[in-house]
Structures are given as structure tokens and as C-alpha cells.
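Every chain is named by a letter (A, B, C and D) in the order it is written, and numbering of its residues begins at 1.
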Amino acid sequence: MIHAYQLVVLIPYAAALILVAVPGYRVGATANVIVSAATFAAGLWLVAGESIVGDYAIVDEFNIVFIAINTLVGFTTALFSASYIGHEIETGRLSPSFVRFYHAMFQAMMGSMNLALIANNIGVMWVGLELATLITVVMVGLYRTPQAIEAAWKYFILASVGISLAFFGTILIYLAGQPALGEGMPAMTWSLLQAAAARMDPAILDLAFIFLLIGYGTKVGLAPLHAWLPDAHAEGPTPISAVLSGLLLNVALYALLRFKMLVAGQPAALDPGPVMVVMGLVSLIFAAFMLYQRRDIKRLFAYSSIEHMGLIVFAFGMGGPLANFAGLLHMAMHSLTKSGIFFAVGHIAQAKGTQRIAEIRGLSVTHPRLAVVFALAVLAICGMPPFGVFASEFLILTTTFAREPWLALLPAFGLLVGFGALLMRLQGTIFGEPVGPAHRVEASSVPMVLHLLLVLAAGIFLPPLLVAWFQRAAELLG
Amino acid sequence: MPGLYVSGVALGALAIGAAMASLVRGPALAFVYPLSALAAVVLGVVDLQVLLSGSEAAIRLPIGLPTIGFHLRLDTLSAFFGIVINGGVVAASLYGMGFDRAKELTPRVEPLFPLFAAAMNLVLIADDAYAFLFSWELMSLASWALVVARHTDPECRRAAHLYLVMAAIGTVALLFAFGGLAGPAGGYAFDTVRAHRPQPMVAALVLTAALVGCGSKGGLIPLHAWLPLAHPAAPSHVSALMSGVMTKVAIYGFVRIAFDLLGPPDWWWALPPIVLGAMTAVLGLLYAVLDRDLKRVLAYSTIENIGVIFVALGLALAFSANAQHEAAAVAMAAALLHVLNHSWFKSLLFLGAGAILHATGRRDLDGLGGLIRRMPRTAAFFLVGALAISALPPLNGFVSEWLLFQAVIAAPALPQAALHFASPAIGAMLALAAALAAACFVRVYGTAFLGRPRSAEAAGAHDVPLAQQAAMGGLAFLCILGGLMGSVLAAALAPVLHKLVGGALPGPGSGPTPFSLIAFDPARSIYDAPVIALFVAIASLTTLIVVHRLSERRTRRGPAWDCGFPDPSPATQYTASSFAQPLRRVYGAAAFAARETVVMPPPGDIRPARFSVVVVDHLWRVFYAAPGQAVLGLSECLNVLQFLTIRRYLVLMFVTLVILLSIAAVTT
Amino acid sequence: MSQAYEISHLLAGVMLVTSFALLYQERVAAVLNAFAAQSITLALAVAWSAWSDNRPDLFITALIALTLKGIVIPVALHRTVARLGIHREVEKVVGVGVALMVGLALTGLAQALVLKVAAGMASHAREELALALAIILLGFLMMIVRRNAVTQVVGFMSMENGLILAATGARGMPLVVEVSVAFSVLISLFVFAVFVFRIRERFDTVDLEALDRMRGDRR
Amino acid sequence: MTHDLVVQFLAQGAQMTFVLLIAPLAVGVVRRVKARLMRRQGPPLLQAYLDLAKLLRKESVIAESASWLFRSAPYLIFALTWVAAALVPSFASGLMFNWAADVVALVALLGAARALLALAGMDVGTSFGGIGSSREMMIATLAEPAMMLIVVTLAIAAGTTRLAGVADFFIAEPFGVRVSLALSLISLVIVALAENARIPVDNPTTHLELTMVHEAMVLEYSGRHLALIEAASHLKLVLYLSLLICLFAPFGMAPATAGLSGWAIGLAAWIAKLLAGAVLLGVWEVSIAKMRVFRLPDFVGVAFVFGFIAILLAFLTRGVFA
């Protein structure tokens, strides 16, 4: 009897093998959408089912949400890229053979991320995450322009170092678990480690967490480990930017949080809170300032992703049920909103034929609908109501102020600085007299509207089931 | 309870109206303003009923924050502010009906107008922190979109950007305020907050945050700079809403936090609002007197009025901290009545400015003049508004001003030395503000409506459509009525006053006539507007009759005498700038380092003499220009991190790792 | 047992020495030789622990280390270097002396960190862990003090040697083999990438400074 | 009761007529005194009445560019000033309607009159009107803060802002009590000079263009309108004189309950004090020169400073430093 959690991984991998062989990009794109839909269905099946704890797979209140988001965004991105890639071929940026390769890689990447999410084994999770990273490296270089190659190369080197450090951290976790769980597989199994966290070796746990923080933090995009992120977002195909910001960062953060749970379970270990708070604040404020100097619209939103990852890490660093809840909510909201924004950016780039902010103006005159959606999405990511990001930022700032009034000034400062920059760019792009070309946009606007609606719904009403999951996870995070 | 449902329906109607308006285009949009007017009337009636009957209603919707929910409550305070707001909305919608759809950029305005109105109403009935800030921010967002409606004008874009950033700063401050009130456990519902009052230290922080949050929305100096840019940038009826009404929502927020949620006040809470308010009042008017743009002058005078209101609120805090409840009632009544009055005459003036803009296409005072003949009705209504905002009896502006002066005069009785030494200074500053207001609006009216037209547009002006005249006329009527019936309004406020400061003004009947407004007790201070008005009316009528009996009735029209040198050119009139000159000489030098330079060519030289004035806005330089440059400069410096080599990025990574490892090595 | 520990400890020590040698070398060829030596030592260490804890699967790891990193890649890189004509000095960021000092400091740090570890785990495991940690840090250091792609690749690979050592040192750790395989794939990609850039003529040199001609935001 | 009411009403009416009738006389006295001190013959005491009568008889010329505001302003200005003057307790404190407005309202009434006058000055659209209006409003911004300080002082001393109440208080008090009151007397005098456009603030007799303030505003008026404006300024002078009297020299004023006889005494005393004040004003005006307009802040600033010191002293005497 095959189970949903196997499907979530197996469908994409199988599809990847098939798609390599499928000729014709239209067929490939359609197949890609169908497969992603199937994966999404499997994800929903998981959501409907009860939690699973197997030797290799785990589905609990913590990762179920991310599996759901992952499969959903995978599906919407496939939908988007189906309409987007066609344009890339017409403009000759991609050749059909590359598109075939692209579809296969896309599925492989989704599969690896799902693998990392449902793995009940720190080794398997590591493998999944690193596979996903390496595949995205290839995807970033897909256009084979000098800039693309350079971005891919940068990403590749930094990511590989991160991979190694993360692996060393994994080994250390195993060593730390050894005294409690003995040798062999148990000391690498999440569920068992979680249960035995109190009996793990605190000193090695500290060491391990540092290496994992640096290793996986590189993929989360925490400053100063972020260098690969803006270029990778800017130079890769837009669907990949959406997946990078929306999913890969989340998966890396998910891994990091799992390990934080272990550390939180061992009172003797050092409290990772302060370190995370500091790194989060550094990323948040640094990215906020970097937003002002951006000239490429995709790089702009890449930095905004760094900013929000910083805020999330800050929230988890603060800890406590409310802050953790807010952090989880913000993760979910950010991945939906940011991928939606990248969809919109893809439309804009096709409409204006450029990614340079200076050459995009007056969208509200030439493309009113697109402008409205884009504006709403950007305002949503800025934490404006009635969108879900507002709820999470509300919780983060209020609880922080209630506990550490002076500390609360820093994230607020960072958010305001970032808001100033994003608003400036938003007004510059959608208002004013239009300049340059204004092509019709073929790409389907369903995905971005869908994401926006989800974020809107979350801002107004959070389903109790989701709340229950988040609260349980927030407890575990300590 | 039914009240809440009815207003819920009205709000829903507004929201649906906004949604529909965003879909349709063209003449179909005409439905927006009638709908908004209708909804606002319904809401206002409900509020009035609640205020008079004192029947509060609360409800908790299962949306919003998980486990907290979305609390709504309609109590007398919200009801009072609801009346203020919906009055403004009705007037603005009425004015909007008169728009010429072809000319105005309706698709960018009309979908947002009802949303804006709904958001403001929602702020008032919000009963938990999330609901409050949710609707507060929605309000800012809607008004931002309205400000940037004329998006091709770079000034509008700049104003909108500054506005929303300042609004965000304010919202963050309010987030902090509510965070402090809710505590680490996250009791966001206002009832929970009332149940556990914060510690004194926390209360201080909360008060500061609230002052920043509400002050930035209301235009309290030094958080004011966005206001004179953003309010004029919007279409005039929206300017009327923003200036006349939205600033009152800010006042509501401060009252709600400082008088309701924060618990019994300490005496020193009074100092920040009083000091800032007094500064705001005076500086706001100095700005206004020196400015030449009609709508910006009005915006600056809004800043002044907000300052006055904050002074009154501060006095109310001081009195109630010392358990002087009737004095607190006087101050609070002054604040609330000024909120109401200002919403009336400021909306009236902005609508008038809109009428001028519509008729002449100009906002610069030095290009107007003589409109009293071309647009007689507008001129009459505007005159009422100008006299009312100058706090002249028997109009409504003076009622609240009078009460405020009574409160100031009572302030020396306060035990705290700081307060009773401040009181005369405050009184003097308020008097100065009042006199400056008179000067400012004599200047505005004299240059815009009186004299001779200074431009072809002004000469060819025509009065506005009937709907817009009706909107202005209604407000003007309210200004007069409110001036005469001030005591009635004060009596209607009694429940709110009891709720906030535990006291009220002596009711009608305790004075010589039913309409005499009484502070403290009849032996101490009375102001009886109807009697005075009656006296003035009788006196002027008798004078009229007598003079016409006695005197030579012949009247001849002739050229102006002007000391025998009449010059036909309108350029010889006093302009707004020349009118401001004495005030600039007296006050500008200190406040704005204003300097006049005259370049006089030598005799025989035919070149004209040049006169120039330099005015420096220190506040802008210190609080806005400098931080902005700091942020940009810092971003420039940090930007090198975008251009490092891969090896250097690896160095960053390595250093981070080593630092963390060393920390782990040293800590035990 | 103790003897088994002595030998594995000895081999690990030798690896640490070789990574100092990597830091010390001036010429690319010498660097490659030192790296080959380190990889072969690693292979021996892995093989030894495979024999002593009788975990035959580890022999695969040893074999990979020996063939791929001990022979194939060094030879390949020798070729590349020859073809690219960078025989002589590799330009360094800091002098050898400084690099060695920093290396010593890192080794000390590694010791200090591991000494904090509770006595709960076997002492030799701790020693091995300390050595592995030091090797990893030295590899990282190697990557950042050299300006030349080949030497950076070498630095990365010596980091990864440290990882394999740690992995085999962690008794009974599953998946070591798979991971070592995965890593070898990664490394081959790494080297392959260098070749790609060489062959495609997209970059006329493999000096990383030149790789970032196109900076992040086109100014 | 009704009889009493009627009497009260008559008394109020009497005050309105008195102030109206005596105003030109006071002005005449001032002019006469000044003339005599300048070794001039000077106009007869009743000249002001004759002037008004003459103006009423003349036709009034109105500029083409004048609007309805220009024509209606004089009536309102006159009425406002008249009512204000009638509300100041003159010969008796407890009159029927003088509760209707306290000091604050009184000042505001005069402010309304001033605003209307300034608007009228701007209406024709000449440069002189503008000069006059702008300077008048500037002077007002200087005078009103000082006035507010005086009011605060009185309120601290007497505990009320109703003039009648203050007057009663000072009648009851032994005379010449406090330093603070002396100081506020000085500042009230200065304010009065500024408000009435007397030397050194303004010269009521000048028609030298650039020094005019009040005259510049009314430059375009003629005939009956000018008569009303003149009468209003006379009334204003009387108002401030009797304000000074009622606050700082209330002796002889009839208390609320006094009968006709008391009123008679009060009336006599009031007229005497009024004329004395007029004489003093005349003496003052010949003994000092007019100031440049932009020296005024210094002059009126004195009033402000004295007013402030007065309040601090009032605090001292009331001993609020508990």
C-alpha cells in the first residue's frame, strides 16, 4: 500500500525522469502542470490524513503546513511557468531542449524539497536539501548569459561550503545523540532525537548548532551569508526566483528550526536565541538599507526576502509561544506573498521587456489590472492590512515590545527603512507617465491572484486547524 | 445592540460600494457618492441615538486574530466621534455629487472614497488592538491612494510617499503602545487591557508611543511635515475629509488610550501633550500665515487646531490626575467641542478652496482676488468658515475656544508647580494662536475674495454647481448653529464627559437663560451666545434704521480714493505675501530665520529693484531632510557589499563561523 | 583496541600536518601533491577504521578517496594547470607566515571546543573530532587565503576530507558511504565547472577576481 | 418682581445710551487737552459730536470695486463695539445682562469687530487698505497674549472672569492691595493704547500715508459709514477706559442691589473717572512720540513681561507653592 507521503516525493522524481524524455515544450509544460497538481493533491491528502511517524518519514503538526505550502506553490509556479516559458522561447532566450531540461529539473527540485520536508532522518533531510540546492544552481545558470553563469558559480561555491558545514553539523548531532540513543540509525532519527533531546550531550549540541546555523543559514540567506541570493534571484528564470524565495528559503529554515527544537529540548545547552536575534536583526536592517540602491526589480525583491527571513529568524530567536507562532505565520505568509510578487514581476518584465526599475513607469496607465495586483502584493509584503503579513508583524512587534521595549525599536526601524524603499519603488513603477514599450502579457494571472487571495483570507480569518498546528509547533520551539 | 447591526450593514454597504466601483467605469460610477452619503447618514443617526440614549453595544466576530477574535463596541465616545466623521462624509459626498465626471479622475478616486469612509468608522468601533490597527492602517492606505490620485504630478507622488511612510511610523508607534498595554501574554482585547492596567514604567512608554502614533496622524509638530503636502494633494472633498475628519480619528485614538485604556493618569502625563500642543498651535499658524498656497494654508491651520485640541486634552489629564473633575470636564468639553467645530469649519473651508480651484484652476492666493462678486454664495459660506475658525463670536469656533480659556485660567489652581507655572505661558500661546488665526484668515479671505481679481482666471470665475453649494451651505449653517447652541452640544456631551473624566459641565437651567454656557458655576464664568447675538442684532438693526432715518441716504459709486493716487492695475493691491510681511518681520525672524534683502540699483540705473525673502524651515531640515540623507548615505556605504568577490564573501562566512565558535569556546 | 586507536589517531595527525603543508606551499604543483598525500592518508585512515570496526562498506569510501581524490583529480588538475600555464606562484592574500599562525590558532580553537565536550563519549572519538574540526577549518582558511580557482578547489576538497574523517570517526554512523559518494559527485561538478569555464572560453582565466567581472547590480 | 425687572432693563438700556452719548465727549476732552498742552486753541469739547453729525449729513461715496461687505461692515462693527462697551460695568456692577459675556468673550467681541474692519480695509483693493489691515492684525497678535495674561491674573485674584464679579471683589477688598495688580494695570494700559490706535502705537490724527494703521483701513469710507466707524472707535476708547476703571478704580460703583440713588452716585463717579482718564490720555499723548511700526513688539512686549511677572507675584501672594 503506497502512502501519500511517498507520493509527494515519488511523483516528482518519476515525473522528472519522464519529462527529460518528453519532446515539445507545450506537452512538457502541460505535463509539468498536471504532475504538480497531482503532487498538490497528494499534499492535500496528507493534510487530511493523520500524522505519521515512520523510520524515514515524519508528518507532524510542524512540517505538514510546509508540505502543503510547498506542493501548492509548486503547482501554481508550474501553472505560471507553463504560460511564462512559452514567451521565453519566442524571445529566444531559451531553446526547446533547455525547456525540456528545465521541466525535468523543476520536478526533481520539488521532489527533493518534499524529501527534505518529510524526512524523519537528519541525513536524508540533508541529502534532500542539498540536492534541491544543486539543482537550483543549475537552473540559475539556465540562460547561460555571463551574468547568469557568474550568479550560478557564486551560488555554487557558497552553497557547497554551506553544504559541507551543514554536514559536519549533522555528524555532530549524531555524536551528540550517540550517548543517549547508541550507535546507528536511531541517533539520526528526528522523532527519537526529539524525544531524547534532554539526554543529549550539550557541548556537542552547541557546536553542532553553530555549524548548522552557518550551513543552513547560508541557504536561508541570513546576512552576511546571503551573497548568493540576490544574484541567483535576479539572473535565473522568474519561476525559479519564485520557488527560491517562496520555498527553498523556507525549507532551509524548516531544517534549522528542527535543530533548534533539539537544542531547546536540552536545557544544559547554550540558548540559541540571542545568536538568532542578532543574525536576524543584522539581516533585516542590512537588507532594508540595501533596498534603496537596487536597480533590478528582481534583485530588489530578493533583498526584501532577506529582510523578511531576518524578521522571521528574529522572531524565533525571541522565542515564546506568541513570537514563535508569529514566526511560523510569517514564514507561511511570506512564501505565498513573495512568490506571488515574483509572478507579478515576471508579468511586468514581459510587459516592459526589461527588469531595470528605471525603465518601468506608469504601469497603472498601461496595465491597470497588473498594476493593481502588483501594488496590492507589494503592500501586502510591507505588512499592510488586510493581508496576512500584517497579522504576523503585528504579533511580532507587539510581543517584542511587551517583553523588551528597547530591543523592539530595531526590527521596527529595519521594517520602516525597508518600507520606505519598497514604497518608493512601487510608486515609481506603477505611477507617472508611462515610458518604453508596453507589450500584451500572455502569462496567466491566475497564480498571483490566487496567492493574493490566500494571503488576504489569512489576514482576515485563520482556520482553527492551522492555528492548532502552529501553536503545537510553537510549543516545541520553546 | 441593533445599532451595531445597523452600522454594520451601512459599513458593509460602503465596502460593497467600493468593490463595485472598482469594477465599473464611466458614468456608472455616479452611484458612489449618493451611496456613501446614505450610509454616512445611517451611521450618523445610529451614533446620535447611542450618544443620546447612552446604550452601548459590543460584539465579538470569530475573525481577526486567532483565539482573540475581532471585537467591536459602540460606546458613547465612539458615537460622538462617529457623528463628527459621518457629518464630514455626508458633506464630502454631497460635494462629490456636483463633480463633472468627465473632468475629474473618477476611476482613481471613487472606488476608494467609500473604503476610506468605512475604514474611519471601523477605527471608532474597534474594540481590540488588532481590529483598531487593522482599520487604522486601512484608513491610511485608502487615503494614500486618494492622495496619489493625480499620480502624474511628481509633487503628489512625493507627498504620498512621505505621507505613507509617516503613517507607517505612526502605526509602528501604536503597535508598541498596544503591545505595552496587552503585555507579554497578548491580551489584545480592550476589556482585557482594562482589566489589567500596565505598570507605571510601561504606562509612560505607552503614553509616549500613543502620542507619537496619534500625533503623526494628527500633525503634531515635529511629526507634521507630511500633512501640508498630502492634504492639499488630494481632490478637495478628500482634503476636506482628511483635514476635517481623519485628524479627528487620531484624536480619538489618543483619547481612547490615554483616558480609557491606560487607567488613572499621573499628573506629568499632561506635560507632553500640553507643551507639544502649544508649540504646534503657534508654529502651525506661523507656517500658515507665511504660505501662499490656499490649500496648504488650510492644512497648516489644521495642524494648529490639532495642537489646540492636544493642549485641551493635556489639561484634562492634569485636572483629572488631581481629581478636579469639573475642571477636567471643562477641558475635555473644550477638546471634544473643538473636534466637532473644527470638523465643520475646516471641511467647509476645504470645500470652499475646492470650489475656488474648480472655478479658477488656481490655488495660489496671489493669483486670486475679487471672487466675492464672481462667486457670491461660496464667498458668503467661506466668510462664515473663516470667521468661525478665527474663534470669533458668535460662531462655533469661539465656544470651544472660550471653554479652553476657562480651563487654562483654572490651571493655576493645580498643585504641581510645573503645571501652574506652565499655565500662563500656555494661555499666552493660545491667545497668540487665536490672534494669528484671525490674521491668517483675514489674509486668506482678503486676498482670495476681496479686492480686485489678480488673474484672468479669477476674473472669469463662476460659482459652483448647486450640490456643492448645498454642501458648503449646510456646513456654514452648522457653524452658526453650533455657535449659538454651544451649551446644548455641551449638554449632549455629558455622558462622554462622565465616562472619561468623571464630571460634566453644569447643565442648562443652572444659568440665567437655558442657552448660557457655564464653566464651573454661574458665579464664575458664563458665555451666553444667543443673548449676545440678540443684542448685536438689535443694536445693528436699530443703528441701521436710525442712521437711515437721520442721515443723507444718497450713495455715489466712484473710483477708489486711495489718498488721491488710484492705480487701475490690480498689481498695486496688497498681495498675500505683502500682507504677511509685518508678521514675518515680527515672528518669522525667530521662527524661520526669515531675512529680507532689497537690491536697489543706483540712481539713474533703469534696472528694477529686487526684493527677496529667505525663509528656512528648521524643523524640516532637522527632522526630515537630515534623516533622509542619513539613510541614503548609509545605504550607499553598505552597497559595496553587493560588489565583493566570491572569495571575500567566503571570508565573511568564515569570520562569522569563527566568531560563533569562539563564543561557544569561551562561554560555559 | 587502544592500538587501533593509536593508528587512526596517527593517521589523522598526519592529515592535519598535510593540511598545514597545503597552507605552506607556494607552487600550485606542490599544493596538488600535498593534497594527494592528504587524500591517500585519508583513504588509509578510512580503510583502517573499516577494518578495525569491521564495517566493510567503509572500504568503498576509502576506495573513492584513494582513486578520485588521491589520483584522478590531482592528475587532472596538473593537466589543467599545465594547459592554463599557471606553473609558478599562486598569488596569496596573506603571507605564508600569517596563514600558518592563523592555522595554529584555528587548531587551538578546535581543541578548546572539543575539550568542553563532556566525557560522555569515548576519548579517542573526541581527539579524532578535534583533528577533523581543525582540518575542516584549515581547508576553509585555504579557500580564502588563495586567489586561484585551482587552489580553492583544493581547499574545498581538503575541507571535505576532514568531513569524511569525522564521519568515519563517528562510530556506526549510517549513510557515510552514500554521503561520501554524494560529495565526490559534488567535487567532480566543482572541477568540471572549472573545466567548463576554461573550455567555453567564457572566462579567459579561472582567477575568481575575473569571474566577478559582471558585478551584482550593473552600475 | 416685574417692576424690578423693568428697572433692571431700563438700567441696562441706560448704560447703553450713556456710553454712546459720552464717547464723543471723552474724545473731545482728549483732543482739547492735547491742544492746550501744545499751546493751541484746539477744537471745542463737543467737536466730535459735530463731526459725526456732519458726516451723517454727507452723501457717502463708495469705490466701484467695493462689495456688500464694505457697506455692511460699519453697522456690524459699530454694533459689536457698542454691545461690548455696554457689557462693561460702568456705573453699577450688577446690571441685568453683564453676565452674558465675561472678559474673554468681551475681548473676542472686539476681535470680531477688528476682523471685520480689516476685511473692509482689504475690500476695495487698494494698497493703503492692505497696509492698515496687515499692521492692525499684527498689532492684535501682540496685544492679545498680554490681555490673556491680565485676565489670568484677575482670575487668580478674584476667582472669576465675570467683570461684574471682579468689580464686586475689588469693591469689597480694601483698595490698592497688590503689586501684581499694579503691574497688570500697566500692561492693561499698554494694551489699551495699542487697541485704540493711540500714540505711540498709532497716531489717530495723522494722514501721513506710511505711518497710518487705523486710518489707512478706513481711508475709503465716507459719509454715514465713516460716521459709524468713528463712533465705534470712540466707543472703544470709552470701553477700555471704563474697563480700567471697573478693574482698578471701582470705588463709587453701585453694587448689584443699589437703588436709583446708588446708581446716581455711581454714574457721577464713573463720568468723573472717565473724564480724568481722558485727560491723562491727552497728557500722555503729548508727552511721547509715535514709534516706528516695527518697534511695537518691544513696546507691547513690556505689557507681556509685566503681565507675566504679575502672574508670578499673584502665585506668591496666593501661596500656591505648597
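As a working rule, a contact is a pair of C-beta atoms (placed from the backbone, for glycine too) under 8 Å apart; a residue touches a chain by one contact, two chains touch by 3 or more.
Keep in mind it's a predicted model, so treat the numbers as computed, not measured.
Using the average of C-alpha coordinates as each chain's centre, C ends up farthest from chain B. Relative to the centroid of every protein C-alpha atom shown, the closest chain centre, again from C-alpha atoms, is found for B. Centre-to-centre separation of chain C and chain D, using mean CA positions: 99 Å.
Annotation: 31 Å between the Cα-based centres of chain A and chain C. Averaged C-alpha coordinates give centres for chain B and chain C that are 69 Å from one another. Chain A and chain D have CA centres that are 78 Å apart.
Contact of a single residue of chain C with at least two other chains is seen at positions 113, 116, 140, 143, 152, 211-212, 216-217. Along chain A, residues 153-154, 157, 161, 165, 207, 230, 293 each make contact with two or more other chains. Shown here, the protein chains touch in an arrangement that is not a line, ring, star or fully connected set.
Looking at which chains touch one another, you get A-B, A-C, B-C, B-D.
By the touch criterion given at the top, residues 62-67, 129-130, 133-135, 137-138, 141, 148, 151-152, 154, 157, 160-161, 164-165, 168-169, 172, 175-176, 178-180, 182-184, 186, 188, 202, 205, 631-632, 634-636, 638-639, 641-642, 644, 646, 649-650, 652-653, 656-657, 660-661, 663-664, 667 of chain B touch chain A in their complex.
The touching residues of chain B, counted against chain D in their complex, run 369-370, 372-373, 383, 387, 390-393, 398, 401-402, 405-406, 408-410, 412-413, 415, 417, 420-421, 423-424, 427-432, 434-436, 438-439, 441-443, 445-447, 450-452, 512, 516, 522-528, 531-532, 535-537, 539-540, 543-544, 547, 550-552, 554-563, 566, 570, 572-574, 578-583, 585-587.
Residues 93, 106, 109, 112-113, 116, 137, 140-141, 143-144, 147, 152, 208-209, 211-212, 215-217 of chain C are the ones touching chain B in the complex. If you check the complex, the residues on chain C that touch chain A are 113-114, 116-118, 120-121, 125, 129, 132-133, 136, 140, 143, 152, 156, 159-160, 162-163, 166-167, 170-175, 178-179, 182-183, 186, 189-190, 193, 197, 202, 211-214, 216-218. The residues of chain A lying in touch with chain C in their complex are 123-124, 126-127, 130, 134, 146-147, 149-150, 153-154, 156-157, 160-161, 163-165, 167-168, 171-172, 174-175, 178-179, 183-185, 187-188, 201-204, 207, 230-231, 234, 293-296, 299.
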